[in-house]
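Chain lettering (A, B, C, D, E, F and G) follows the sequence in which the chains are written, and residue indices restart at 1 in each chain.
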Amino acid sequence: MNTIHAALVTLFIAIGTFFLLVGTIGLIRLPDVYNRMHATSKATTLGAASLFLAGTIYFAPSAPGGAGLTSLVGIVFLFMTAPTGAHVISQAAERMGIEFAGDAVWPDTGESRPESPDESDE
Amino acid sequence: MSLVALPTAIAEASTMGQLGTGAATLAQATADPAGVALFAALALPFLGALVTPLVYRALGERTAWFAALVAFASFGLVASQFGTTGSVSIDWIPTLGVSLTLYLDGLSLLISLLASGVGVLVFTYSAGYMHGEPGQARYYGTLLAFMGSMLGVALAADLIALFVFWELTSITSFGLIGHYRESESSLYAARKSMLITVSGGLFMLVGFVLLAFVSGDALGSTTFTLIGTPDSMIANADAMRTALENAGLFVPVLVLVAIGAAAKSAQVPLHVWLPNAMEAPTPVSAFLHSATMVKAGVYLIGRMRPLLVGDEWMLLLGTLGLITMTVTALLAVGASDIKELLAYSTASHLGLITAGFGFANQLGAETGAFHILNHALFKATLFLVAGIIAHEAGTRAISELGGLRHDLPITGIITAIAALGMAGVPPFNGFYSKELLFESAYEVAHELGGLAWLFPAVAVFGSVFTFLYSIRFLWLFMGEKPAGLGEVHRPSLALLAPPVVLAGLAMIVGIDPQLAVDTIVQSAFGSAVAGEAHTMSIHLPTELTPAVAMSAITILTGIALSPFYDRLRDGVRRLTHGPFSADWYYDKAVYGLERASGLALPRIQTGQFRTYAAWMLGVTSLLALAGYLAAGVSIPAFSDLSITAPVVIVLLVAIVGAAAVARAPSHIAGVLTLSVLGFMVALFYVLSSAPDLALTQLVVETLVLVIFLLVLNRLPAFYGDTDRGTVARDALLAGGVGLTVTISVLVATAGSPDAIARFFVERAPVPAEHGSILADFGGGSNIVNVILVDFRAFDTMGEISVVAMAALGVLTLVAMRGRGESS
Amino acid sequence: MTQFVLAGVLGLLFAFGTFLVLRRDIVRVVWGVTIISQAANVYLVTMGGLAGSVPILGHGPPDNPATITDPLVQALVLTAIVISFGTTAFALVLTYRIHEEHGTIDLRELGETGGEH
Amino acid sequence: MSVITRTVTRVVFPLILLTALALLFQGHNLPGGGFIAGVLTVAAFALVYIVNGLDYLQEDLLGRTGDDVEGGPAIVADFLNVFAGGLAIAAGGGVVAILLGQPFLSQAVLFVHDLPIFHELELASAFVFDLGVYLVVVGGLLTILTVVGDE
Amino acid sequence: MRRWPAIGVVFAAVWLFVRGVALTPERVAEELLIGLAVGIPLAYTFRRFYADEIALGRVVRVLPATVAYLAVFVKELVVANLDVVYRVLSPSLPIEPDVVAVPLRVESDPAITTIANSITLTPGTLTMDYDNDSNTLYVHGITGRDEASLVEPIRTWEDYALVIFDEDASPEDAPPAAPRGDVGGD
Amino acid sequence: MAAQIVIAPLLIALFTAIATLPLRRFPRAQRAASVLGALAYLGAVALLAGRVADESILVYQLSAWPSPFGITLVADALSLFMLGLTAIVSLASVAFSARFMSGFAQRISYHTLYHLMVVGITGSFLTGDIFNLFVWFEVMLLSSYVLVAFYSGPEHTRAALTYTVLNLLGSALMLLAIGGLYATVGTLNMADMARRLATPAQFGVDPVPVLGLTVLLFCVFALKAGIVPFQFWVPAAYRAAPAPVTAMLAGVVKKVGIYAIIRLYFTVFAAATLPAGLGLPGFVGNDFLSFFGPIMFVMAAGSILLGGIGAVSRDDLDGVLAYSSIGQIGFVVLPLAVAATVPEVRPLAIAAALVYALNHGLTKSMLFLASGTVKEAVGSVRFERIGGLAKRTPVLSIGFFMGAISLIGIPPLSGFFGKLLVFRTTAHAGALGGRGGAVALGLSLVGAILTIAYFSRAWNRGFWGTESEGVRTATYAPSLVVIVVALAGLLLLVGVGFDPVLRAAEAAADIALDRQAYVDAVLEGLQ
Amino acid sequence: MSVATELPGFLSLAITVGLVVASGVTLLAGYRVIFGPTTPDRVVALDTIATNVVAIAVLFALQTDDGFFIDVSLVLAIIGFISTIAVARYVSEGDIIE
């Protein structure tokens, strides 16, 4: 394994690790579930994808294709599903009536927003 | 199976002087019994019982005659062997040293003849008595089986075979006593007799088992054969006794056997079933309480006597017999029902027989043997008379009866013969055996002195009451007919003939006792003594011996007390309340048990899962910790195995996850937290180089989550609030379980099995050199998978069965909803 | 050190599982059982030793079998996971049916009608 | 669920199935095997069920029409047959070994040479067993899912 | 022509990736055969699932638009993440969340889905909900940017998507107005 | 060439189970297949018994991998004794089911579950591999969970929950124990384990931690066998399950726990000795059995007393029978406790336990089937609703009566010999001065008397007494009565022809104690 | 856990750091799963954990040079998605009561 190759892998590992960290910090720090999802759906996904990319690069020369190709599938899959997951969760949260932090409001479009009783979680 | 007669062996043994049975008997009777006759006599009643339902369909009430015929055939077969002695044997369980050995000698002959002979009369009597009664097929069938069982008890020489028939008498009598099964008192009586007699039998069985155990030492090989073969226990009585004493088992065996006999023969305090047993139809009472059931106990005592007689024997059985004789005689005085009177009287006379056999002298054995015969004759008569009275007068209450001689003159005469015999008045039959008891008791007292003088004193004391109630029974026929008593019918011939025959026999014995002695009593007596039996000579006394004086005192005191009978009776009744009543301890024990059960059970089987789980986990932990402690495990020293930071973090998250599940505020929160745990376990597998496990864990985790969600969707939010105390207790238990597991991990990680793992590693893959078919290798690089589908595919077979069943189970739970049992 | 960490972790997992098993809510009891089963599986994996490489080979037997993690415990645990999965699924649906039949998932309430009264 | 979810599901569903089958095929040599593949397959169906509903799964995806049968939707009968078949394959394969004079569940590998493209093909009888496992898991878990989901 | 055989071929291609085939002609050929053997039956079995799928013959024609879309997307993706880094790691948590409604021109499921997911992956926006009747996406914005700058990249993708997914509307059409009432909070 | 007959019973049950699934659309064929399967199972067990009689120990290596690497099946006199019981009870129960269970129940899953339960039982009796034992336990258990819950009503689901969850905990504990044993002893093969424990130095095994692990395992077996204090699930589960299933649960499934205790603790773990002896007050000796002896004794005593006392106050037939099962299992464990404590009587004691187990298996299954027959006809087995059965259905009642007195120990029914041998064991132990022998003897007497107490009560309240309306108007299915009576006849037959049964039990006990023969047969050619 | 020896030091360091960070953030995300406060918060956090686990598996694949752990990652990703969809569906449309 030559140094450039290793450096490239290391780079993507570093990027990935960094974004994983950022995503999770966002999950902890941001005020409501909607904002938290901004962090996780973008940063965490990108972090994982970056690591998959590191995998693609890492495994590429030793066995052209191989686990590298599978890593690509992983990236595509993540990009397809992570936002969908966020969408589904936010849709659920919104339908459960979880309030927005700050002064955000649901746009008044005349459509009825599905109402459900306030959640009392704890 | 081999049918073998063993008379020659007996003869040999007797010449060697080892045979405990009376030499006199042997001298008289040296012929061998015919095996076929004995087995046929025994088998006939059972076969008869089996076909009784069919016979009843054909003959109806005339089945009584069929049964009488069967009984007569058995009687004839046994009688045909009169004068023979010896044993016949069929292999049964050779592995256990158990055979179906039958042995005929004086004692067994006496009992067999009584059982089958009285049987004939009882069946005849039943033809009249049971007219129009329900359940006759059952009645005759059971009674025949009962009679067969009694013959078996008498004839069996193998202890196990003896026990078979012994318990069969209990079981069949259960059916007979409970004949009127819609009557609560019948059910009570039947259950009571079964509980006491069968339980007693079990004690006796233990005694037998111990005897057989000792026989291994005494005789060189374990046997259950009591008598009749050269290597039987009684044939080697001395060796057996020595071995018993050496093993410290003499008294235990004696007591155990005595308990069985006492339960069967209604000895105090096990007599309490007997009065209730009067719930049976009267012919059954006559049969059970004169010649059969209760005689089994005293028969056993007589049979065991050569083996076990001695000081302990006398102390136990002599005392027991006399106490029983006295106490139950008193109770008989207190009776208000003629059958009750006769029942207590039965117990009393069995006490007399027991006491007789209990005395260690030869006179005692004479007493027992002779009184077995006498009691059978007068008591069977009296029961049949009681049946006639009940049948014809419509009542059994003593207070409502009187002056029956006018309507039942013949019955009156036979009652007089039997009752005077029972009272011990000369020259009636009971007098002679009672004289023997007095003589025997006096001899014992004279020999031992001191407290032993209580024996004759109590014997006399008890006999006074015997005299009193006997006369009272006779008085039913005297005096004037009470106003309340309606018309009394004449009994039919079927009812009358049997007691007449019995009373006639009793009369003959009374007139010529020596005839009875020569015919059978002498040989029966011989069976009950160890060593040489002397020759009995029985006749009316011609001089004033102590025994004659005792008889005189008895009779005179009895006569003197007669006027006060009613006061005595009331006194006894006053005494027998509360703890002194017949049913008291039995009811306390049985119903107390039921009550205790009803109270205790809800405290144990609470229905509370928490209790169950706590017990299970708590006990398991406790025992496992005890196991570690007992073995003395030591916690291994720190090893140099390193653990990486990611693993530690993953495990930490797992713990946090588990803790969070434990305090999850809602179902959904708990399920999600559980998923965290699942993910961490999967990660642990990843980090432990177990990709297959990680994959499996993950996919399973997801599906479990989905099923959880599907189910939670339909469940309420309940998650229970528990008080602090409960939480603390649970936490303590949880800590205990955790500690157990922690120790299990620590002690078990010491070893590392690699031989087997290495085999799998080497055999799983495809080797470099191989032919076109590879059978000795797994042919795969994923060793785990090769193990699952090849090395241990059998496990996987079971595993997929589980999956299939889980699916079927879920389907069943839902599909069967509302389709369960109709109850 | 490893075995002390593992011993502590497994002990705690069993303890939490036990605590849950003693709750009133059936769902919690099922969680407890799930935790205990998983802990037992982890225990089993631990028994095979944690050091060692993945029991997946290239073609042909390995040069040094001793460096490979014990594959047998992994196979055993796999079987155990599947089995406990099947039983858990059944237990969950049973819980649902209990609720349908009794209108409660409170074990105490359920027990009050289920003892030997 | 929304069109977004449904559309993503439609794309992801075959991807999951292909992954599952890949795990099934490679199981003998790489991580995977019948059980994992089976559960993953079921997970794919579970996704469709969650997103599109049971009726869609039964009628639109699997083309099974018909009224509910005893014990659940019509499709359950098919699922039962799948796992019965799986059991039969797994056990039946083992019995083949018996017929060949070997103990139950004995496995062998057959190497077929000189094939076009493949050159050498390794046919492991254990795969048949694994296939049985796969079918049992798929049939069994789909049964559970359907029955519970139908409630 | 039925669609499932074509889809089967696509499955075979995906199979190559999933299996991680070594990129040598022999291995690819082997696996492709297996992939077809797996993929075509699979496609047949689930053919009903893809009844309204777009024709794959168009794939080549729309390739340029697809590439353009991806390019824009990747750019936005990177920006988005740097944006998140900034917001998450700033001690002051500089956020000003709000929700906007974005009426769409695209009407096919794949197009809507593509746009919706792209929104989530790109700066400051997150698709919360989609309303079928009004063909409107509800987007959560994390910053207080005005609606126009928030919607702008969405419109760009929509233009490409209209081409890629063969929509009735064309990129030249004006974006539909928000259904009714005020859009946005400030 | 392997002796394929060893696996035949298991395969027959397995394929019967599989076949009944697709046959559910043809109810008659399904029923026929199910009964024929049970019949074929009996035949296979008989053939296997013949082979074992000739060859003593038959070893079967699944997948053709040698022990201790592959899974081994071991058919010896002990396995066959238990398989014989299984085959008989199973045939009777399945034939009973064909009439007793509703058509719907049979179609939906009953037969498959039933035969898979038999598969699990068979596997448990035959396997020589401790983890494989776990697997077959699970197969047996899962089917029994479902079958307990089968009617799916309130009592059934509740009983099944208790039963299921307790056993799930048990399974986790079992896994824990197996894992620990594998790590410390280094094998899963029972024979190999025995060998390693017998010569620990040779294999680098430390027997000290093994004791605690075997205790964990023991508790699991005690749970399966329903021994106090692990009996809690028994009454409700036995009541809830359909009668033929309860017959199997009480008759056979319980005995699997007993079998496992005999096989593992007397054949395998008895090999181990503790260098420093048992260091806990109240325990004397340096082998594992010395530790288990007193524990088993307390458990047996608890079972006998709780079962006996509990049964005395039950107000339904099934309740009496269920508690009786707890008490009777105590009678099976009692000789084992004696065997563990007094080595001199070990062969006798194990034979006693086996004979008692056989007797209880036959008798209790018959009694539950009788109870089921009544339930089917009358709709209830509560005493307040079933008085006077003896008048209405004398034949069935005679059957029940025979069962009851067999359990009491009345000769010449088979139950007597169970009692006799237990008495013999305890009496011999007592006579030999074995600790607790006399106490054990007293305990067995008390237990026997309790048996009389509850059966006489049940009889009086259910079979005698005034006929209830339900009983008067009920019609009893002759085919069910025939099965009950056939089993009752078997009780008599076993008693009268007891010698071969005893020889079988003694052979089983001998082989169970002949560790060397077991090890040699399984590990042939390995040393 | 054998580390492929031929890896340059900085790469193996990166992998190790990556593993520790990924595990650590899992712990952080665990906080949100446990403390919510709302169910969607828990779901988001669980989803994040799932993604982190994917990352860890990839890193482990690199560390051990075992490509097949990538398969594990892919399956993990699939699993995470399905879980998220399932939970979201049942908390919003089902009647799961808090």
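Here, a contact is a pair of C-beta atoms (placed from the backbone, for glycine too) under 8 Å apart; a residue touches a chain by one contact, two chains touch by 3 or more.
Fair warning: this is a prediction, and the values are worked out from it, not measured in the lab.
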{"item": "Any chain that touches chain F and chain C", "value": "B, D"}
{"item": "For chain F, the least number of touch steps when starting out from chain B", "value": "1"}
{"item": "Of A-D and A-G, whichever chain pair has more C-beta contact pairs", "value": "A-G"}
{"item": "Most distant chain from chain C, judged by the mean position of its C-alpha atoms", "value": "B"}
{"item": "Chain whose Cα centroid lies nearest the overall Cα centroid", "value": "F"}
{"item": "Separation of mean Cα positions, chain E and chain A [Å, integer]", "value": "15"}
{"item": "Centre distance in Å when chain D and chain F are each reduced to the mean of their C-alpha atoms", "value": "37"}
{"item": "Between chain C and chain E, centroid-to-centroid distance (C-alpha), Å", "value": "41"}
{"item": "Averaged-CA centre spacing for the pair chain F and chain E, given as whole angstrom", "value": "63"}
{"item": "Shared interface positions of chain D, touching two or more other chains", "value": "1-2, 4-5, 8, 12, 15, 19, 22-23, 29-32, 35-36, 40, 43, 46, 50, 70-71, 80, 84, 87, 91, 104-107, 140-141, 144, 147-148, 151"}
{"item": "Numbers and ranges of chain A residues touching at least 2 other chains", "value": "23, 25, 37, 45, 63, 66-67, 70, 73, 77, 80-82, 84, 86-88, 90-91, 121-122"}
{"item": "Touching two or more other chains - residue numbers and ranges from chain F", "value": "14, 17, 62-64, 104, 108, 131, 135, 138, 142, 145-146, 149, 152-153, 157, 161-162, 165, 169, 173, 176, 179-180, 182-183, 188, 235-236, 310"}
{"item": "Interfacial residue positions of chain D with respect to chain A in the complex", "value": "1-2, 4-5, 8, 11-12, 15, 19"}
{"item": "Sites on chain E touched by chain A in the complex", "value": "14, 16-24, 27, 77, 80-81, 84-85, 87-89, 93, 95-101, 113, 116-122, 124, 126-131, 133-134, 136, 138, 140, 142, 178-185"}
{"item": "Residues of chain B that touch chain G when the two form their complex", "value": "644-646, 649-650, 652-653, 656-657, 660, 666-669, 672-673, 675-676, 679-680, 682-683, 686-687, 689, 691, 694-695, 698-699, 701-702, 705-706, 709-710, 712-717"}
{"item": "Touch list for chain E against partner chain D, complex", "value": "7, 11, 14-15, 18-19, 26, 29-30, 33-34, 38-39, 42-43, 46, 48-50, 53, 109-110, 112-113, 116-117, 127, 129-130, 132"}
{"item": "Residues of chain B defined as touching chain F within the complex", "value": "91-96, 138, 160, 163-164, 167-168, 170-171, 174, 178, 181-182, 184, 187, 190-191, 194-195, 198-199, 202-203, 205-206, 209-210, 212-214, 247, 249, 590, 593-598, 600-601, 604-605, 607, 609, 611-613, 615-617, 619-620, 623-634, 740-741, 743-744, 747-756, 759-760, 763, 775, 790-795, 797-799, 801-802, 804-806, 808-809, 811-823"}
